[in-house]
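Right, one structure below, let's go through it.
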Amino acid sequence: MSSQSPLAMSEVSQALCIFFIFLLPLALAGLALINVGLSRLRSAAHSMMAALCLVGVAAATYFVTGFAWQGYPGLASHSVNIFGKEWSWLGAGNMFLRGVPLDGSRASLAALLQLLSVGLAALIPLGAAAERWRLRASCLSTVLLAGITYPLFAHWVWGGGWLERLGANYGLGAGFLDAGGSSTIQVVGGLTALSLVWLLGPRRGKYNLEGMPAALPGHNTVYVLFGCILSVMGWMGLNAAGSMLFGGVPLGRTVLVAVNTLMAAGGAVLAAAVLTRYRFGKPDASLSANGWLCGLVASSAGCAYVPPAAALLTGLVAGALVTFTVPWMEAHLGLDDPAGALSNHLLGGIWGLLAVGIFPRTLPFVLFANATNPPAAPGGQLIAQVVGVATLLGFVLPLTYSLNWLLNRFFPQRIPPEEERHGADLYELGAGAYPEFMTHTEEFSQW
Amino acid sequence: MSSQSPLAMSEVSQALCIFFIFLLPLALAGLALINVGLSRLRSAAHSMMAALCLVGVAAATYFVTGFAWQGYPGLASHSVNIFGKEWSWLGAGNMFLRGVPLDGSRASLAALLQLLSVGLAALIPLGAAAERWRLRASCLSTVLLAGITYPLFAHWVWGGGWLERLGANYGLGAGFLDAGGSSTIQVVGGLTALSLVWLLGPRRGKYNLEGMPAALPGHNTVYVLFGCILSVMGWMGLNAAGSMLFGGVPLGRTVLVAVNTLMAAGGAVLAAAVLTRYRFGKPDASLSANGWLCGLVASSAGCAYVPPAAALLTGLVAGALVTFTVPWMEAHLGLDDPAGALSNHLLGGIWGLLAVGIFPRTLPFVLFANATNPPAAPGGQLIAQVVGVATLLGFVLPLTYSLNWLLNRFFPQRIPPEEERHGADLYELGAGAYPEFMTHTEEFSQW
Amino acid sequence: MSSQSPLAMSEVSQALCIFFIFLLPLALAGLALINVGLSRLRSAAHSMMAALCLVGVAAATYFVTGFAWQGYPGLASHSVNIFGKEWSWLGAGNMFLRGVPLDGSRASLAALLQLLSVGLAALIPLGAAAERWRLRASCLSTVLLAGITYPLFAHWVWGGGWLERLGANYGLGAGFLDAGGSSTIQVVGGLTALSLVWLLGPRRGKYNLEGMPAALPGHNTVYVLFGCILSVMGWMGLNAAGSMLFGGVPLGRTVLVAVNTLMAAGGAVLAAAVLTRYRFGKPDASLSANGWLCGLVASSAGCAYVPPAAALLTGLVAGALVTFTVPWMEAHLGLDDPAGALSNHLLGGIWGLLAVGIFPRTLPFVLFANATNPPAAPGGQLIAQVVGVATLLGFVLPLTYSLNWLLNRFFPQRIPPEEERHGADLYELGAGAYPEFMTHTEEFSQW
């Protein structure tokens, strides 16, 4: 994969790849709508305003330094030699994208893709920290994400770094595989979300004195479910572009990528609807939406490598994962995550990464007729994936937690609890989202 | 058309076709929003939740068996020989898309297109049966649609079946022409909608004891009209992809397809706005939105064959059609169809199919400068189109009605009328879409 | 630029260009949502209904006569010879797009692009004249815009006209440069908006007897901000398609165009958020959304010519521009412009046009590594841009004002002020947008 020249790509492939990348704003739009819909009414404008700002901050930061430190296979990077093996650990490009001709080369497409996908990563903590994360702090936290955490880990996976070379260097399958960003985008964003949920604590009124969680339903289920449909289009673009740029798949194979993305989302929403029906008596709309999104997240890593039946199965598991872990994290871990981002993006991403290593070995062969690129050494592939996940949990989580902890020292990230009652809209923006609609705000305020 | 190899397509055409297909989720998103906006508030979450589930069910069912039975010109199919002519009546592929290399071949693109467009067909009955169709039953009904009705008829039109061969076998024009799915998607979905409206009966409170209909306005006109704008983009993709895959048009001609799609929608919304203005004193927003959608539906069949002026005229007629038939079906046929799906998709689709046979013969020649592919034998073309429509009404309607009638025996499809008052949201999902907004629910409940 | 044959374009470029054009409906959808969200609740359905109608009217008008009068380099046009130089001032094509083969040629792509972008121009006055512009009059005014003003000026810039030839004829840089339509779409639309704001006067209750403006906040901030995210995707398509068709840039350079578009929007929203924070104490969501949009508008002219750092700077200035001019025009010029269209589209467009002439000369060279097409004669370039802006203000403004003034004589464009209190929805459509939600209409009615 890393043997490609950073410049060579046929014009048709360039054009198709440009097209895929141009779909990413729909993933941003969908995720932003899901976040807004799952927030309470008093924070709706704040949530959407923050989404717009974070997309801007993420793109600007990544433009200034992010891509320089991430790099691309074939571009300059910093390496250390450990026991005779080259470990590339950081890109060594120029700031402001200087030296990356924005002319359709592979490297330029990777840069464009990530100017948008780093914004997607930034929206993940926004959902988890909804209603209590200050706008200024969220912008500064996004600078850390887009400037440090994201490019560092993405270099290892997508920029020619050591995780990508696990296969070549140590014979672990084809190296750590992640075509669409289950790790670089989703888990990295999810770990930032986890750090913030820890640092900010739950919303006022979420838990009573005995620690029992209260239900604080989102204010617009239509936004949430509509956002899911937009997201699938954005994700089809994301997965397909990633597969071409980081997975090295040929143009026509993006059909497989799209089928897989769709199967994962469809399977996940059905699993979540059926399971919530049996667990709670009625299907739960917001958990089903979370399921759909979790299916998309889990589809990313393997979208270019597994047959559609495996993608469907990945989605079914993702839907089940959401159904069980969202209530469990809320009730037993005390994690107040209004958008379910920890389940969707963190756990869903990890599941997707592992699925790449699991499915090619265990699925009945008959379903494999379409698998056109089985990893070279199936056994080692799962180990490579586990190494990647361990790196995320063992290195990226402490890093992002420390950075956000430090930030919190200087710029308190949390809206003062006594102001939460009036909502983030009034406190931070001075105006609500829906001034002419009558609302039940008091009833839903609690405490 | 059916002489193309299922594999041959230039890389550029593949790329463009992939792009067009990737736009389809916007047609789903638009149609889902239109359905939601035209439902009452108490069923909003239910409508959108069902949309998400039906898209998932449709894709999964079509993946498992649908495409195997639909096939594609050049793939295996079941035929009978009648009076010396080959009648291909069912595809003979493998389940799970096995044997269809998902590599950008024509057959793989047709499969991907329809994993999405079968979901579009499934959203049509959802609009017509809004507020009273149970979620489980709608999922099962979609299994029947995506697994049986849709692939069967689509094989005849798009899979190398007998309708497509009417030209070659009997000299009827170029055979039954439907580039963008006016029949396979829209009329098939519309006939399912008609069956359900018959089976479920009207909403509680829609008709009084004398059979006079009450106005039950949709709860969000902004959603409806916004959904129209999203739909046009999805339809441009649908029509263009269908034209390339099923109409055999070259890449550049998709410009004509896009112009035609746009002209039909524009003409239809203007016709509907002007006609409702003169019929009811003021332009009617929801009928105008229906007009726009009906224009899109009618544009599909002929988008690749007629000049833009004919498309504009097709749209004008479609807009008029909606204006007259929506109130008429409601008042005189006792059909309670909140989304106007019967006019938009069923009648609009039939009109579009016939227009392909009518316009090339009757429009003044001067408008034809752009028609680059006039059907070979104009006279026979209209007959071919009529044969297709007759097949839809005479075969597909009884089939889909019987299937849904049977389903209704085992899984009652209707929400119990005594529960309707509280809305599908509460009854099926246990929660409303907008918990924090104050509503006039009681006033709008009626009975 | 004008030396290209109207027919020659590689198939890959055609395909990519078709794709870019197909994204434009998202710019329409986004702008329509922004307009609706910034209107008051009582006019929400009217705003969206008008958007749908204007898009239809604009496309139909442009189809009938617009493109004939605009033309394309290489197609027939009317010229006068002044002092030995050819001045092409009007296209000389056929009505109904006859003679333009809709087959993927450059001319056909330009026609398709503008069937949509002329609708974008029509939505600009709709935002500025919100809540008081009659539907019929707005349709007729759009006929004038799409049939006369737009094609006339667009011929001069994009159709081989005299502004485009300023470079070849008088050595002014590369002639008037506007790759994405800052002038032809945005400023032309903005000048129409200005004319209407003058002709219609402010909304009832906007100014008290002393001329002090009242705040009449929009009714849905989520729509506004969500519309911004959709817009960026539409604009990426608009800028990229324009750059290929009117800027003559090669396929791969559209990566630069996309990066620039994103940088301008991101920079603008951050500038607006920070500046409103310091000016008003809290960041203002609606001004920030206006900033984002203004950044997009300003990015269009130079998107293909400047390095990303210049685009970022263009955006920062655009964000500041909005922050200062929106309140200033409202308070000191008595211009009641609910959507901020005058700042976003008129001033933002002019700024974008001038920026093309300014930045290549003044930015430090180090940021230029990516500028691959510096205008030939930097000094003259700014003069060419100023000539274009002067033409807009000195010729297009009087023209569009006169046309709308004349229209107003025969079809009064304003909703009678005594009816405004009940809202455009009730007066023009007979029904509100949200019949089941309870609203504070009375409180927000004022006077």
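Labels A, B and C are assigned to the chains in the order they are written; within every chain, residues are numbered from 1.
The rule is simple: a residue touches a chain if its C-beta (ideal position, glycine included) is under 8 Å from a C-beta of that chain, and two chains touch if they have at least 3 such contacts.
The structure displayed is predicted, hence computed values, not measured ones.
Asker: Note the rotational component of the Cα superposition from chain A to chain B, reported as an angle of 0 to 180 degrees in steps of 5.
Answerer: Rotation angle, to the nearest 5: 120 degrees.
Asker: Is it true that over half of the residue numbers where chain A touches chain C are used by both copies, so same, or is it different?
Answerer: Both copies touch with mostly different residues.
Asker: Using mean CA coordinates as chain centres, what's the chain A-chain C distance in Å?
Answerer: Comparing mean C-alpha positions, chain C is 34 Å from chain A.
Asker: Where in chain C do residues touch two or more other chains at once?
Answerer: Where chain C meets two or more other chains at a single residue, that happens at 12, 15, 19, 23, 434, 437-438.
Asker: Using the touch rule from the top, collect the residues of chain B that touch chain C in their complex.
Answerer: Within the complex, chain B touches chain C at residues 10, 12-13, 15-16, 19-20, 23, 40-41, 217, 219-222, 225-226, 228-230, 232-233, 236-237, 240, 250-256, 258-259, 262-263, 265-267, 269-270, 273, 280-285, 288-289, 292, 308-309, 312, 366-367, 369-370, 372, 434, 437-441, 444.
Asker: Help me check something: in the complex, which residues belonging to chain A touch chain C?
Answerer: 11-12, 14-15, 18-19, 21-23, 25-26, 28-29, 32-33, 36, 44-45, 48-49, 51-53, 55-57, 59-60, 63, 94, 96-105, 108-109, 111-112, 115-116, 135, 139, 223, 428-438
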